[in-house]
Amino acid sequence: MEFLMAIVVGILFMAAVYLILSRSLLKVILGTGLLSHGAHLLILTMGGLGGAAPPVLTEGVTDFADPLPQALILTAIVISFGVTAFILVLAYRTYAEHQTDNMNLMKGNDEHD
Amino acid sequence: MINLLLFPIILPFLFAIILLFFKENIRAQRLLTVIGLLISLVAALYLVATVKADGVQAITLGSWPAPFGISMVSDMLSALLVTTTILITLFVVIYSFNAIGEERERHFYYPAILFMITGINGAFTTGDIFNMFVFFEVLLIASYLLIVLGGEKRQLRESIKYILVNVISSALFVITVAYLYSVVGTLNMADISVKIAEIGQPGIITVIAVLFLLVFGVKGSLFPLYFWLPGSYSAPPIPVLTLFGALLTKVGIYAIIRTYTLFFVHDTGFTHGLLSALALLTIVAGCIGALAYFDLKQIIIYNIVIAVGVILFGAAQMNEAGISGAVFYLIHDMLIKGALFLLIGIIIYVTGTSNLRKMGGLMKTHAPLGWMYLIAAFGLAGIPPLSGFVGKLLIVKGAFEAGDVFGSIIILASSLVVLLSVIRIFVYAFWGDPTIVELPKTNRRTFRKMMMPAVALVILSVLFGVGTEWLVPYMTDATDVLLQPSIYIDAVLKE
Amino acid sequence: MSVIVLANILIVLTIVVGIVFTIVTVIGVIRLPDVYTRAHAASKSATLGVLSILLGVFFHFWLKEGHFSIQLLLAIAFLFITSPIGGHLMSRAAYISGVKPTKLTVGDDFAEVIKQAKLKNPPTHQKED
Amino acid sequence: MKTNDVILQTTTKLVFFIIFLFSIHIFFAGHYTPGGGFVGGLLTTGAIVLLLLAFDLKTVQKALPFNFTIVTGIGLLLALGTAAGSIFFNVPFFTHAFDDFTLPLFGTTSLHTAMIFDAGVYLVVVGAAVTMIQTIGGDA
Amino acid sequence: MTTFIWVCLILVILSIVGLLYRVYRGPSVPDRLVALDAIGVMLISAIALLSILFDTGFFMEVILLIAIMSFIGTVSFSKFIEKGEIIERDRTS
Amino acid sequence: MNFVLLIFLPIVAALVVPLLFRKLKAIHTGWFVLLVPIVLFIYYIGFIKTTMDGGHAIAELQWIPSLGISFVSYIDGLSLLFTLLITGIGSLVVLYSIFYLDKNREKLNNFYVYLLIFMSAMLGVVQSDNVISLYLFWELTSISSFLLIGYWNTRDRSRFGALKSMMITVFGGLMLLGGFILLGIMGDTFSIRELIANASTFVGHEFFTLALVLVLLGAFTKSAQFPFHIWLPDAMEAPTPVSAYLHSATMVKAGLYLVARFTPIFAVSEVWIWLVTGIGLLTLFCGSLFAVKQTDLKAILAFSTVSQLGLIMSLLGAGALAYHSDDAIFKFATFAAIFHLINHATFKGSLFMIAGIVDHETGTRDIRKLGGLMSIMPVSFTVAFIGSMSMAGLPPFSGFLSKEMFLQSMLAIRHFELFNFATWGILFPVIAWIASVFTFVYSFYFVFKTFAGRQKSEPLPNKPHEAPSGMLVSPVILASLVVVIFFIPNIIGKWFVKPAVMAIQPGLYSHPSDVKVDVAAWHGFAAPELWMTVSLVGVGFILFLTMARWQKLYDIHPEYMSLNALYDSAMLFSEGGMNRISRFYMTGLIRTYLIYMFAFIAAITAATLFIKEAFVVDMESFTPINLYGILNAIVLVIAVSMVLLAKTRLSAIIALGGVGYSVALFFVIFKAPDLALTQLVIETISVALFLLAFKHLPSLSNHGLTKRNKLGNLIIAAGVGITVTLVALSAHSQKLIPSISQYYKDTVATEAGGGNIVNVILVDYRGFDTLFEIAVLSIAGIAVLAMIRLKLSRKEESTDENK
């Protein structure tokens, strides 16, 4: 299963990078969204997918999934939620000021005067 | 007080939270911020004294045994960095009173600074690799707020780049931690070190080492990951730029130094060779940039890049001289960058522009500014007995001892470029005919008020250089921990 | 023993019903000609499908594991309440956003209402998607 | 164009409470079964979003007259305070305490300071998320 | 019994794939939305079946949650399609 | 008394100067300043007794003892000689400046502050025993020189000259530092004495030659040796007292001092001898050759200084041969070097002052406009004449003696047998002779074109008259010294030169009187140097008379090929060129930067993976694949590709939601109910946020991304994706150490009092993470609030409209 997940994560990263390299601001944001999904799945995969039961104590169950990666992912999910919200607002504020969402037109100030 | 090492993290955090309740009251905001920073400073100084007296301070939160809870570790390096951070922030905050404008003050400017300090100090102190990620995020999101605060056209545009790059590097950070966890099954830094030593750093760990270098290289602006920095840093107002320039890249550097002295020390030929090669390229790239621009901000910003290269080059040598040089230079660079950015902020305030070609003859009207700038500039270039000298001396010595002649010569030559770039500012802005340029009307009182924190920082940096002898024992402690991971490990795991 | 068998039959039955409805939904959504008919298929039969599957699962846990799951019942109730409303909102949104019904449609009363409303206050926002 | 949302609004009033109660349940369940402060908080946020969707900012403001920035601050203080309590006992930061208590009505319950911390998390999540949504929704 | 659930699960997931075809094809946005809503519902079924397979009751919360979330999602999407803004500042004015 | 502190006396005095300047306007600040060098001079004279016996005095002030860095004042023959030159000529220069600089017009406070700083720095350079503090003072001289040259900073030439001198000398200084550090590594000490004592162990050390070259770079740049001499002529923009002091008598001699000081360490090396002698001679040649070309009085003197410095340098090099040969003549060379150094300081100092006087009184320094001043300024003329004749090497002036000794040494080099000198040695006397001819020519050129002949028809800017007597005091004193020294060379030798020689070659003598050199004006007719002198006087005289004819030959040498042009183009390159380079890769587009980043990350990680042979896929370690997992993966991939291909933003968001939901399903499949819950809610709220923000965002567009761009993006994206996958597979296949999470499973019920391990980790084991994670969330909240509420640029615009 980890083999498959590694490939899925690779695809997610690939798509994310592809979108991030595009010129449309919105696509870039979608890209960052995919990026964080990829990262979260990767943590889960790296922790091992072998557990037979959710890491919640139940009678008679001993083979839990690794809880630590799950806790880490939870932290990471919340953080990326905050960042996504921020980027979204930033994006539309930028659009409002610049009247474009074309990254190529937001060239800016590496002007070598 | 076993929780002492947490105070420099918790106190700014607490004050930041309190400030959220007084959004509109600027006086309260200013007062509380200064008080909070002062208390934190006292705590940090006390921490330094404690570390000096009792050795590395470590605590595992929640009373859990060491690798299972989150450990916080204050060795001399992190204690010193924490102290310097708070000190610089204090001056920047005082400077901000006259420079940032009430609008920004009313919109969470001070809480954002305090949150950022929380993140920075946390990143300096933490002994847990995932916790470091969390603190990175705290300081990053606070820095996002600071960089965008005000919402000016250019700020927004550059913020997007800044944030994009950092989001990517954060994702990279997370997956790197995941890889590491997969191989060694732990997150506690001391424990990681032990376990890597146990398995003798196989190839996969080296790959992870490279990934860590890249992750922190983005934050610390290492070649070729620094390209975003010059543009983004020049967007926000000067006080924010000062904080960024003096503190943010240093967190990345600290993280590289920490991981490369604690974890990945079994294949230094490859990892540290790569690090020193990249460091040298960073210096070269920084030098090109520092000379290419005629913009005050850009020149100093590129000097950040150069300094990053110098410090990391020193750290990559992995010998006593190199590492202690890196530590010296790291703290020097924080102080001097703080001073320089504040000074050029005043120049920009006085002249109303950051374009060098539109300045001249300030020496006639603002002589104290000129002298302060000159001292800071020489300090940056590492002219003795100012602050940059000892660090550079030790770094070059370390490099020679390690047999890297070429690198040492580049470091020395880079000093010349640094000097040229900053002296160019002096020659253009302060010398020359004052009559060519018309200065905007500025308030002399504000000028004086702005000068105070800048001058204080310059004096501090001079003292740092002149009083090196007093600092040496502290630096030695810091270096010892870096060179002998066992000190660090014992402090964390033997509880 | 027979209780278990009975329970099993009940569970399998409800789940099979659910699956049938589910498959019908899918066929409907793929095959039906316009958004309104598809929405109809989706909201009605899908809801029924999921409700019976959930019931089956509920019985499974209740009768076989002895675990009376309030959450499941709540979920069933919730779906029962909200699903039609979702369908209603979607159809209306589709209509207002200008999706044309299939030509097979007979009678369109809502068109008149909208026309009059539009005369009163013209739309303020632009459509892009 | 104005359309009336009577059906939606009526359902929402009911559904809001279902969601809210569910979120409280999930928050308290967190220590033993899936759930906790995050999900609870986010779920409450979801409920509030639903209210905002069905009604409008002004109405919701009237119904829930909190300054959500302050809610965030309180949440942070609560979380930090719980964690920092251990400083006064000179044990490592974040040391929690728990014990079984016999309370009237509830019987024997395990009370855990981690619960208070989780409540802080809950408040912060609600405060921050609602702040964002309100502000963005209110931006002309 | 397990095999039966297994088959059902595969069928449900295949249905999701089928609905995805509709999401992919459109042609109009509401079409996609309808399909998505249905996917949400299918997801509930899938998870319900999964919890039988895994023999755990801990996903019951997830089921209710999906129900709630897909409702909120549906409402916001349809409001967006209908009005272009999903949260109004003041409806009475 | 700890006489290290005296080094700092001038700096301390400098602190008072601005105060004096401001409070006591009536008195020229220079009078107060004058006290400093005089006091020091008198104090240091007292050391002559010690050094005459070959003794030394030493005092130490700790600075950074833990790094072996301290201020050590070590006074032996060599450093005392320099100290006396610095303070002695310093006194005269300050005296001169009092009349040269007007107290009402000039910013005297700045001037004297810089000058005093320089004095300290220079004293420090020559007295320091610790190489690091030596370096400190070395850079301080460069800085004060920078400030002094830029004293009239409104002039473009001043700024240019200041920057140029600083760049070149600081460059040398940095290299010197490198050399010092290498010495420190080799000898494990920064003390020069100890280094000299250990010198024998350095030979053959891998850093030895490098250290040597670096130290020489420092010396050569400071002493304006070829090809670094170009800064000196431009430094003449400084006020004349500064030129006289820094740029002829003291600072430029710091390089000579350095070479002399380090001779005992490096003299064993062939490279040292060749470089010092060769570069010295080359500098002598170039300097004298180009001096004749100049038309500016001070430029002539600058080039003459360059050439004289070269002369002394080559003598020092020849003196190093004494370590290889017992031939007395090489010990003689060192004596000659020091002796000429003294002579040069006196006659060049006086000449500079005269040039200043001429400039001051006539308003120009252009030799083409001058002439016939002899009758108007007789005293100045006399001084200039004495100085020039000494420089030309004619009797009865001190320069003659040292010139003779120089020629003698160069002749002797022919007989040296090591290091290929047998083959190339003949070049030395030849070049020396030619250079001496030109020296003769420019000396005459300087004095006679200015003072002799007729006044030019074109009126001078000021009406010329003799300078005030105060201004003449200093040059007259120096000129009389020039004459006096000619008659008492052996007393000078005994007091100053021999102790210095002994300091330079410590191993060779036990007492200064062992330096068996007697200076005599007359060596008999058999001496070849006599004939060389005679012939060079003859040739030189002819050349001088015919100057007008051949001076044009210099124009053949095109300006753009000179070293100056090289410097200029280097500086231009540092602006424009760097700008172009930077422009090439700093496009300002984040896309470009990200491409660099991603490409680098993917490439270097993949490379490491294969170089370190870390790529391992161990199928055993993976858990079996299940069908619903595959199906969900397919769903996920379809959703991802829909995000990629979406034409409208709404479908993109729907697809992104789909991705989020299938990720949640994965969390369910992999038994993570908490994650599934959180993911679902967050996904929904994120979708709501997206929809909210869409009100303000435009529809989706490609913005003209070409096929090629897309392909490039795809390649990089694929690179990143594949790298991530490969590393993930390898990392998972090499789970070398079991995870620590077993502990959590074991203790969650007993120690933490909970059942949901994930939640307990979040609030208890790793609660600290959570505390700051919610901090992130709240900062994001206030950030959104601040970003939307505070719109400064919009405000600006609206106020603009209101205007």
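Chains here go by letter, A, B, C, D, E and F, matching the order in which they are written, and residues are numbered from 1 within each.
By definition in this document, a residue touches a chain if its C-beta (ideal position, glycine included) is under 8 Å from a C-beta of that chain, and two chains touch if they have at least 3 such contacts.
From a predicted model like this one, the values you see are computed outputs, not experimental measurements.
S.K.: Which chains sit in contact with both members of the pair chain B and chain F?
M.R.: A, D
S.K.: Chain with the smallest distance from its CA centroid to the overall CA centroid?
M.R.: B
S.K.: Relative to chain A, which chain's C-alpha centre is the most remote?
M.R.: F
S.K.: Return the chain pair with more inter-chain C-beta contacts, choosing between C-D and C-E.
M.R.: Result of the comparison of C-D and C-E: C-E.
S.K.: Which one of the chains is farthest from chain C, going by Cα centres?
M.R.: The chain lying farthest from chain C is F.
S.K.: Let me have the rounded angstrom distance from the C-alpha centre of chain C over to the C-alpha centre of chain F, please.
M.R.: 79
S.K.: Provide the C-alpha centroid distance between chain A and chain E, rounded to the nearest whole angstrom.
M.R.: Distance between chain centres: 22 Å.
S.K.: Can you check how far apart chain D and chain F are, centre to centre, with Cα atoms defining each centre and the answer in Å?
M.R.: Comparing mean C-alpha positions, chain F is 63 Å from chain D.
S.K.: Centroid of chain B to centroid of chain C, CA atoms only: how many Å?
M.R.: 57
S.K.: What positions in chain E touch 2 or more of the other chains?
M.R.: 29, 33, 54, 56, 58-59, 61-62, 64-65, 68-72, 75-77, 79, 81-87
S.K.: Mind pulling the residue numbers of chain D that touch at least two other chains?
M.R.: As it turns out, chain D has residues touching two or more other chains at 1, 3, 8, 15, 18, 22, 26, 32-35, 38-39, 43, 46, 49, 53, 69, 72-73, 76, 80, 93-94, 96, 125, 128, 132-133, 136-138.
S.K.: Send over the residues of chain B in touch with two or more other chains.
M.R.: In chain B, residues 13, 20, 61-62, 69, 130, 134, 137, 141, 144, 148, 151, 153, 160-161, 164, 168, 175, 178-179, 181-182, 187, 230-231, 292-294 touch at least two other chains, as defined above.
S.K.: Okay, in this complex, where on chain D does chain B touch?
M.R.: It comes out as residues 69-70, 72-73, 76-77, 80, 84, 86-87, 90-96.
S.K.: What residues of chain B sit close enough to touch chain A in their complex?
M.R.: So the residues of chain B in touch with chain A come to 130, 133-134, 137, 141, 144, 148, 151, 153-154, 156-161, 163-164, 167-168, 170-171, 174-175, 177-179, 181-182, 187, 230-231, 234-235, 292-295, 355.
S.K.: Can you tell me which positions in chain F touch chain A when the two form their complex?
M.R.: Per the touch definition, chain F meets chain A at residues 579, 582-583, 586-591, 594-595, 598, 617, 619, 621-626, 629-630, 633, 636-637, 640-641, 643-644, 649, 652, 656, 659-660, 663, 666-667, 670-675, 678-679, 682, 685-686, 689-690, 693, 696-698, 700-705, 713-714, 716-718, 720-722, 724-725, 728-729, 731-732, 735, 739-741, 744-745, 748-749, 755-758, 761-762, 765-766, 769-770, 773-774, 776-777, 779-781, 783-784, 787-788, 791, 793-794.
S.K.: Please name which positions on chain D make contact with chain C in the complex.
M.R.: 1-3, 7-8, 11, 14-15, 18, 22
S.K.: So in the complex, the part of chain A that touches chain B is made up of which residues?
M.R.: 20, 25, 28, 32, 35-36, 38-40, 42-43, 45-48, 68-69, 72, 75-76, 79, 82-83, 86-87, 90-91, 93-94, 97-98, 103, 106, 108-110, 112-113
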